[in-house]
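Notes follow the structure.
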Amino acid sequence: MSKSHFSVAIIGAGPAGISAAATLNRYCIENIVIDDQVGPGGQVYRNILDNDNDKRNFLGEDYFKGYKLVNQIFNGKIKYQSKSTVWQITDGKEIALVTDGKSEIITADYIIIATGAMERPMPIEGWTLPGVMTVGGAQTLLKQSAIAAENAVFVGNGPLLYLTAWQYIQAGVGIIAVLDTTQAKNWRAAIPYAGRALLQPAMIKSGYDWLKEIKKNTNFISDVKNIEIIGNGKVTSVQYETGNGVTGKIETNNVFIHQGVIPNINLTMATGLSHGWNKSTFCWEPETDYSGKSSNDYIYIAGDAAGIDGSKAALIAGRIVAKEIINRFQPSRVSKLDLMIERLRYLHICSIRPFLNRLYRPSENFRTPKLDKTIVCRCEGVSKSDVIAALTHRIAGPNQLKAFCRAGMGRCQGRYCGLTVQELIATHNNENMEDTGYFRLRPPVKPITLAELASLKGSWPD
Amino acid sequence: MFKRLETKSVKPLTISFEGQKIKVLENDNVASALLRGGYLECREAGKNDMRGPFCMMGTCFECLVKIDGKPNQQACQTPVYENMQIFKQVTPSLTIPEKKENVDE
Amino acid sequence: MARLAEKVAQRPIIIIGAGIQGCATAFFLSQRKKRVIVLDKDNIARHASGVNAGGVRRLGRNLAELPLSITAMDWWNKIDKLLCIKNGFNRQFYVKVALDDYGVTLATKRISELNAAGFEHENWIDKESLRRRIPAITKIAKGGLIVEGDGWAIPWKITLGFYDRARALGAKFLAPVKINRIKRYCDHWQLKTDFGTVETDCIVNCAGAWGGRIAKMVGDNLPIEAHAPMLAVTDQQPMFLNSVIGVMGATLSLKQLQNGTIIIGGGIRGKALPEKNESHLTPAGLGKFIRTAGEVFPHLKDAQVMRAWAGIEGYTPDHLPIIGRGSQSGIFHGFGFSAHGFQLGPGVGEALADLVMKRQPRVSLAAFKPSRFENDLI
């Protein structure tokens, strides 16, 4: 039987996870990296080991810089287990996972959750139509399969949207329009944070370059406050209205939507870790101390899973968390000075975040749907009006809502509707978002077949 | 429509979707293969409610298809292989079927 | 004198716990024009009564519970009218399948035991009839114990139904509210809560897994342990079942809802942390009862578990509930249903209302009397 106990188990083979594994490896601490994708790299460095710089240089320099890091996953004492989905972490330091239809339980002295981020739901009218995808999805198609949609419309805001649109332009793929939903007033509101942002001139320059290229090569429409995707069985056009009252209709079969990224909290919440509501990024984050430790003494969280700070910060966070764990095995093995320098690096790299967060704050126009008929819960087909109707029953929070409508009970387990439902309830009950709370999430963190679950106890009966 | 940007020297394969043969590349996943083939929808979520790949990272569960008889397969998480038979995922019937007369033993 | 009598008559009955037992008791008392206040430390149907498997069965019960269960079943058969709801009770049949010879032996023993006590509702169903009625059942099933007319309900729907009707009839519900102390004061009781002090002549303790804590506050030491039986719900499957399934000699309960999803439970326990309102699932335990489900319906191999959970339930040492008068005047207990109290709920509510109003309950509650534990605790 293969080994089932590790000193450290890392969940997620993105920049934070691999950085942590490589650091532990340098200090000779054996560890396992469990990841559900076919190859390492997470989202940001997806498919990097296969991508050839010559052929896919439309992806940009920053992407290819990740090659060396990601390759470290094959180093010495790191056991890399791909295509494995973790479905539960217990308080007994057990990790239940499934690989190729078979479940197993492994144990570890310490666990690092580095499961990264996902895109914030953007429930605009028509968002469930075939032909609508997330911007992250469009970028994944570029990285994984070098596939792009001609004459698409990009809708929303945020660095990932601008980067992906820029990559499309580099690849020679025509974009009809970018409907930017950044509210005009955000520019002024972000000024107080601009000073600190200047500590990251390279990042600022990148962003500026992207936007310049985009405005040169597509129809860039700012301050969009209303969007409807139209179609019957598939997308045929997008209608929009700007803050100045300018309206328009664009014919297209592909729409890519995005309004920022948020930590993917399903595993951390199902594990029972404490979470807090971040007022400036409008999302839930697991509570961690300065060392990356969660509310559970042996579980650490690194990278975007702890809070959105970007891939460069994730690299440093992975190192910090690994070093903190190394010191728990062997006190003072990593010096206080070393850790202090790492933390300063981290703070420095994050100096642009407050500016980006304020500038690209998701607008209230798009956090919940405008129209009653718009789908809120994609999995169960629950519309805004269904949720509002259920709220007439004096619902205390998202969990009581489940008794009256099926929002949140589908396969994605609230990933694409949780924040929307929470805000609809908070608005209706006239309370703060953190007081409303979120769905009570439980294992399994992803749907798992009866045979896969039962395989813990033997093969499936004939 | 989705187009392929370059074809490195990657082995071509043939798979089928709803009985139609599609030419794909060895390192495609089912979702990218379908999108490139012009198929934007792959799942019936309800009456007049078809869905297709959405997030491409395994979190939205929109791209469910039936592969070689197995339902609930996430197309974006499944690499293609030669002769793979893919069908759209449909909503299950909500009436109990009649028992067949000739039951073994 | 008249004024004093009036003042006494104004004290409401306090029910602690807004699960099905508390809400049903509140309903029956309110129906009989009694003033009732229900206190709950969380909210209506928050724990076992909101998240159990919803089995409505006489099948498989301890003989001592059968009279109460049969009385409750009368109410279940009129539950829509009683609670002004629709489709409250899915009346089908319930089969405990025998998968092996041991199962058959258990079933035979059970039938003779029941018949000897005068009960005839559980019968043997043979292999052919079973396969005719449930075509999807495993080929190796040898038959089973069947009860026609048992079935299932959605637990929060029924508990909320009792809550709604009780409120409509004048009952008041306060939640969340914490009870800090219960004191005997002159001829009545005082409950010190974080909402203030409430006075009453009569307290009904329906506090479920926390029933022991409340009992202690009123001078009764009653043994109760909190456990967390686990459940799972699957994705939509093609309809194949119109009955509830158990297994002789194993832990399983399985049913298919009208929307095609399957609820699988039975009682395999996770970890309960009642002081934190938390219950934790154990992967190995989940694997166990899911595998048992596979033994009965192997065709469900690729069905997916969408969600698993565990409610917090109270268990007594003999797995029989505690229903009856406490040692002090004005105290009544109705808790400790050991994971099979849901079906009894309407019957328990009626019986507790009878006790409170000093009427003779329709069935004997002797088997459930709180005093049966007196010697054990010394």
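Letters are used for the chains, namely A, B and C, taken in the order the chains are written, and counting of residues starts over at 1 for each.
Quick note on the criterion: a residue touches a chain if its C-beta (ideal position, glycine included) is under 8 Å from a C-beta of that chain, and two chains touch if they have at least 3 such contacts.
This structure is a prediction, so every number in the text was calculated from the model and none was measured.
**Student:** Of all the chains shown, whose C-alpha centre falls nearest the centre of every protein C-alpha atom combined?
**Tutor:** Minimum centroid-to-centroid distance belongs to A.
**Student:** Contact counts by the stated rule: is the higher one at B-C or A-C?
**Tutor:** A-C
**Student:** Per the centroid of Cα atoms for each chain, what is the distance between chain A and chain B, given in Å?
**Tutor:** Computed value for the inter-centroid distance: 25 Å.
**Student:** Where the CA atoms of chain B average out and where those of chain C average out, how many Å apart are those spots?
**Tutor:** Those two chain centres are 44 Å apart.
**Student:** Centroid of chain A to centroid of chain C, CA atoms only: how many Å?
**Tutor:** That gives a centre separation of 42 Å.
**Student:** Scan chain B for residues touching two or more other chains and write them down.
**Tutor:** If we look for residues of chain B contacting two or more partner chains, we find 72.
**Student:** Considering chain C alone, which of its residues make contact with at least two other chains?
**Tutor:** Within chain C, the residues that touch at least two other chains are 235, 302, 304.
**Student:** Where does chain A touch two or more other chains at once, residue-wise?
**Tutor:** Only 410-411, 447, 449 qualify.
**Student:** Under the stated contact criterion, what part of chain A meets chain C in this complex?
**Tutor:** 87-88, 90-91, 94, 96, 103, 105, 272, 396, 400, 403, 409-411, 413, 442-444, 447-451, 453-458, 460-462
**Student:** Across the complex, what residues on chain C touch chain A?
**Tutor:** 43, 138, 156-157, 160, 232, 234-235, 271, 278, 280-284, 286-288, 290-291, 293-295, 298, 300-309
**Student:** With touch defined as at the start, can you tell me which chain C residues reach chain B in the complex?
**Tutor:** 131-132, 135, 139, 235-242, 258-260, 302, 304
**Student:** Where on chain A does chain B make contact in their complex?
**Tutor:** Residues in contact with chain B: 36-38, 43, 50, 52, 55-56, 58, 118-119, 128, 130-134, 136-138, 140-142, 144-150, 171-173, 233-234, 253-254, 264, 378-379, 381, 410-412, 415-416, 446-447, 449.
**Student:** What residues of chain B sit close enough to touch chain A in their complex?
**Tutor:** Answer in residue numbers: 1-6, 8, 25, 27-29, 32, 35-36, 40-41, 45-46, 48-62, 64, 72, 76-77, 79.
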